[in-house]
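Alright, structures below, take your time with them.
The following pair of complexes shares a single chain, subunit A, combined with subunit B in the former and subunit C in the latter.
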Partner chain A sequence: MSGAEGSLAVVGDPREDLLVLDDVHTHFDLGRNFLSRESKGVVKAVDGVSLAVKEGEILGLVGESGCGKSTLSRTIIQLIRPTSGRVWFKGHELTAMNDAEVRRERIDFQMIFQDPYASLNPRMTVLDTLAEAVRTRHPDLKGDALRRRVAELLRTVGLNPAHMKRYPHEFSGGQRQRVAIARALAPEPKLIIADEPVSALDVSIQSQILNLLKRLVRELGLTMIFISHDLSVVRYISDRIAVMYLGRIIELGSAEDIIDHPLHLYTKALMSAIPEPNPRAERARERIVLSGDPPSPLDPPSGCNFWPRSPVPHDDRMKQVEPPFEEVLPNHWVAACPFCVSERVKAVEPA
Partner chain B sequence: MPPPISAAEIADEALVEGSSLWKDAWSRLRKNRLAVGSLFTFIFIVLFCIVGPWISPWEANTQDLFLGATGPSAQHWFGTDTLGRDLMVRVMYGGRISLLVGLVATLVALSIGVIYGATAGYVGGRTDSAMMRFVDLLYAIPFTIFVILLMVAFGRSLWLMFVAIGAVEWLSMARIVRSGVIGLKKQEFVEAAVSLGYSHRRIILRHLIPNVLGPVIVIATLTVPAVMLLEAFLSFLGLGVQPPDASWGVLINEGQQNMEIYPWLLIWPAAFFATTLFCLNFIGDGLRDALDPKSAKD
Partner chain C sequence: MPLLDVNDLTTHFHTRDGVVRAVDGVSFHLDRGETLGIVGESGSGKSVTCYSLLRLIPEPPGRIERGTAMFDGQDLLQMSPAELRRIRGRRISMIFQDPMTSLNPFLRISTQLIEALQTHQDISNKDALKKATAALEEVGIPEASKRVTGYPHEFSGGMRQRVMIAMALITEPDLLIADEPTTALDVTVQAQILDIIKQRQNDLGTAVILVTHDLGVVAGTCDRVLVMYGGQEMESGTAEQIFYAPRHPYTRALQKTIPSLQTKGQELYTIPGLPPDASKPATGCAFFPRCPYPKNRDPMGERPDLVDLGEGHCWAACGYCDSSAPIESVLAKADEAIVDPLPVEVETAR
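Coming up: the complex of A and B.
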């Protein structure tokens, strides 16, 4: 990746990839104690993320609850401005723009939220909600033309356009999520960030929504970041997978590589937790059980941040020095801690 | 992509209308007999005050000193006061002023409070703190002193009273709207509105305020009687409506002075005032229950 004139980012190239993140940090300062003036600490929700998203792909982002997935998604669309680091979208640097400029870019990236009961304005009909979103791209559209566009959107997400005058509370969870998807599509965005879009839904509805998202990405030429803590869901939908742990991406690669040949111990532990549908395979499944809970992002461990939970003991150096995020195999990136990353890679690396 | 859709098809499909929150609320309110009864009584009182003086043969300020105070009779249904004026017409005129004060001052309080509170809650942070400390500051000024100062500075007028009462009543409104907006701001539909690039103005007006309107309407119906009480209080002190004009507060004050000899002078205006206050309170309670989406939908 290190080009002749020096690459702009660690992972990816802002001139080629749709979205590039370089060493992004999002910290929340909890302020100071009123009397003693002591700092209450800083939550390092996103702590040095480098990532690239290629046009037309679905990138799955997995990680435990509280690892910073949602903060990262809000940082990408600049809903929360990062503390440091750079974000490029279509070659433009979002982090260098002011709020008004970011607002103009916003129609190109949209979000689908987790809770379809909270993500729709209860006082607006589906028609109002979608018409408002359509007009961010086509401000002059009105009357019948606008209604026709809304009807088209509803049909695209598999809803009956006859229901456009209904209010959100008249729909089921799955239908609401379809409305939310239609709203995200309405401004004709390039990138969609889906933040746990199916985890609030019934299992029977989940697969319908997943198939819908997959179809839409293909048919409309979208790019999607799919965030979930559910590995089986991410495995099903993603082209590439990024694994997040405690505010950092620790492994990034194609879906097959991450699932079948994970390099990082943490990824291996995650993969070993996916249940197998075949009972014989399920019985043979080897589980790597991690001890303890993930550490608090208020006071994250230094160095390779996985060391307190790793079954392989770390030496003092790796407890201090942050491992570099490296492309150890073609298109397969990992936080290269010698204790977390398997023997196989170390054997391959010198070649 | 799905096939294009004809205009006629949409027109047909648009006929399938859903039930709105307001329709639901209305159907729930209709089942509340006390609220509906109060609503009709209130409308009756309003019509009585507005239409009454046009029909009645008597003038509100025409005195008949030879007649003096008389009890209810065939000519003067409510009786006459010590100056021989027909009490029924005076109650109607008083009602016009009391209701006008109640509604106008509430509207003033409503518009200032909602916009101020929504802005403070939406912007948050230091701006919010500064804005709410200003509200606290105004809370700390004693109301009577504030009104007396206004009267001294600008002279006595009915409109000044609207301003004075409105300026006090918007404070609680602002606090309620602010807390509602702060709760809503974290909701995903507001985040969605931000990520769609809507302007702050649009987010406040279209996405936040409509969602706090339920409690606001309830508070408004409860503010109207509070304002009318304030007006009565000011008039009682001689700071509000000036004789020979009347409001229910003024009439009650006059009646109270002659309570032992001519009790009807107190009873009629007090009965109208109390009934109106009861009605508005019941309507407010009914609206609160009806607009609460958690109350069972049956």
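Coming up: the complex of A and C.
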């Protein structure tokens, strides 16, 4: 994998893009067996990810459970230090910083988690929770000014400021997720990583939260990485989409390109597995059915890691050699395995 | 005569905080070999409906207040425990959302598969094991003869759900109740599991009740659909009627809120307000407090009648809203009424 001349990273440019990842690996060593001293193996949760996030965009990250989405998000904010590879944020290299420096940077990225029941402290009122978060950015703010700021935050996420003295259990699931969003906004971050923020919510509430997130990113000029296993949700909210499979990004492009003209067989299979609320289309549709479950990252297949589940048989070479991550069409990157990537590319390339 | 005919099923929970009307007068029927989808959000009463049919409701606090559920000429709700035991697992089977908690982690898969068989049939261990292996093969478990003696933890989530299906169908029941069978699974695995249910249903002629919150799953698998909200039936009909000619405001709004792969750019429609609180039951239509349709009079007190629109398409005809208006114009008006697209929610969960 090598990028253009003079560029530091394969995908994107650390001097221009808000966040750039270059060939990041995050492995978890399971240690050795106590008696035999045999290695128990290494979980390759993130296994060579290159990615760039532009300022002001929403990047959707999709993949099945166990593909490393959450580990990747924790690696980006350096909660887990990567085993190898480099991460730049605002042009500074996070992977070269010590813990204290990273902590100072971390004020600029905030996370929203899946379960608002677990991510809010049940013993703190909404005011306490939000005030604490506001003071990470403005340590001197107190009294009325602090309350005014908290009230403003609550209004931004569509909650009644009169409820700031309440505890999390007094809110419904959707309202709690709004509180979690307000807390993420409180330190005035540049980048928000939302890890499955609507998966635990009912469908009628889910659309409220999606609209809110989309509106906030536009109005406050934020950048967001939106992680989900649900491609239709990601499609709705994202400007660009990255598809992850077993620790690697296998396709990256604009939302339109990924949904309307996917290149990688896995992206197509993932899309054809989503049931559409349309009985006639469902009956007419031909599915690409993948066999088996997603393989374990503990012992991932070598080469193009999709081959064991692919309906197209791979030759021995692609079972051994990792396909390069290439920009095969303008701004459309794919893990260029000849067996997984469609005919369309070959047809378009000469032009 | 339909295989199952449920009439005015009402299940309440008598808790310290008051009566929770989990299911409030639900009626539906199901023919042999047919698939009925029960759709609703959490708290809509869809699971309690299914549990009530098999009398799996913990009593107390739960109580089936009234109604009948005629299964092949017998009322399930009036049966003695002994009679029920002969039906459960043999003529009606059930699969649940989480296959890990519904399998016993201490027992081999073979033991658990054979148990259902030997409870209802006089069959030797050897023959039962043969049947169990065949059942696993039919749901697509590779090397079934080896894996049949394995323990649940040796199987992945999708494989466990296959085992559950094999177990539920090993007695070749007339009715399979599947309560959110794919919610805990990845989409690619969900597609496999739905295919297996469909294929086994064709092989055996089993009727299926599929409980789900996912309209996409319903579209792909169900012949008929029952839409529930707040313990009440909102609308029922064939999949075609529900998806292409929905009449009830809730059905329409629900379809509008779901992002699909076709949705581009425009803001998603949101149903204003919060899901219903079952302990403070609506006296009228459960959806009334969130209904976006304009009202022409005060609705207090009366439950809407179920009106048949023909060809089995029923809806809870709320007489207070003009629901024949196309949803787009209603939604546009609803958006105007709420200046801020995200209204301040004044109500709380309590």
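Simple rule for what comes next: the second predicted complex is superposed on the first by the 343 of 351 C-alpha atoms of A that agree within 3 Å, B and C clash if a C-alpha of one lies under 4 Å from a C-alpha of the other, contacts with A are read in each partner's own complex, and residues count from 1 in each chain.
Everything that follows uses one rule, which is that contacts are C-beta pairs under 8 Å (C-beta built on N, C-alpha and C of every residue); 3 or more make two chains touch, one makes a residue touch a chain.
As the structure is a prediction and not an experimental result, all values here were calculated from the model.
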Give one of first, second, both or neither to describe whether A:276 is in contact with subunit B, with subunit C, with both, or with none.
-> second
May I ask you to decide whether A:205 touches subunit B, subunit C, both, or neither, giving the answer as first, second, both or neither?
-> second
Which holds for A:259: it touches subunit B only (first), subunit C only (second), both, or neither?
-> second
Would you check which partner chain A:29 touches, where first means subunit B only, second means subunit C only, and both and neither mean what they say?
-> neither
Give one of first, second, both or neither to describe whether A:165 is in contact with subunit B, with subunit C, with both, or with none.
-> first
Check the residue A:110 against both partner chains and state whether it touches subunit B (first), subunit C (second), both, or neither.
-> first
After superposition on the shared chain, which partner residues are touched by A:121: those of subunit B (first), subunit C (second), both, or neither?
-> first
Examine A:293 and indicate which partner it touches, taking first as subunit B and second as subunit C; both and neither are also allowed.
-> second
Subunit A residues contacted in one complex by subunit B, in the other by subunit C | 155, 160, 163, 166, 169-170
In the complex of these two chains, what residues of subunit C are touching subunit A?
-> 41-42, 156-159, 186-192, 194-195, 213-220, 239-240, 243-244, 253-255, 257-261, 263-264, 267-271, 274-275, 340-346, 348-350
Touching residues (chain side subunit A, partner subunit B) in the complex | 74, 77, 79, 103-104, 106-107, 109-111, 113-115, 118-125, 132-133, 136, 144, 147-148, 151-152, 155-156, 160-167, 169-170, 180, 183, 187, 219
Partner subunit A, residues of subunit B touching it in the complex = 1-2, 4-5, 7, 9-10, 12-14, 16-21, 187-189, 191-198, 206-207, 210-211, 213, 293
In their complex, what parts of subunit A are in touch with subunit C?
-> 64-65, 155, 157-160, 163, 166, 169-172, 174-175, 202-208, 210-212, 214-215, 229-233, 235-236, 256, 259, 269-283, 287, 289-290, 293-294
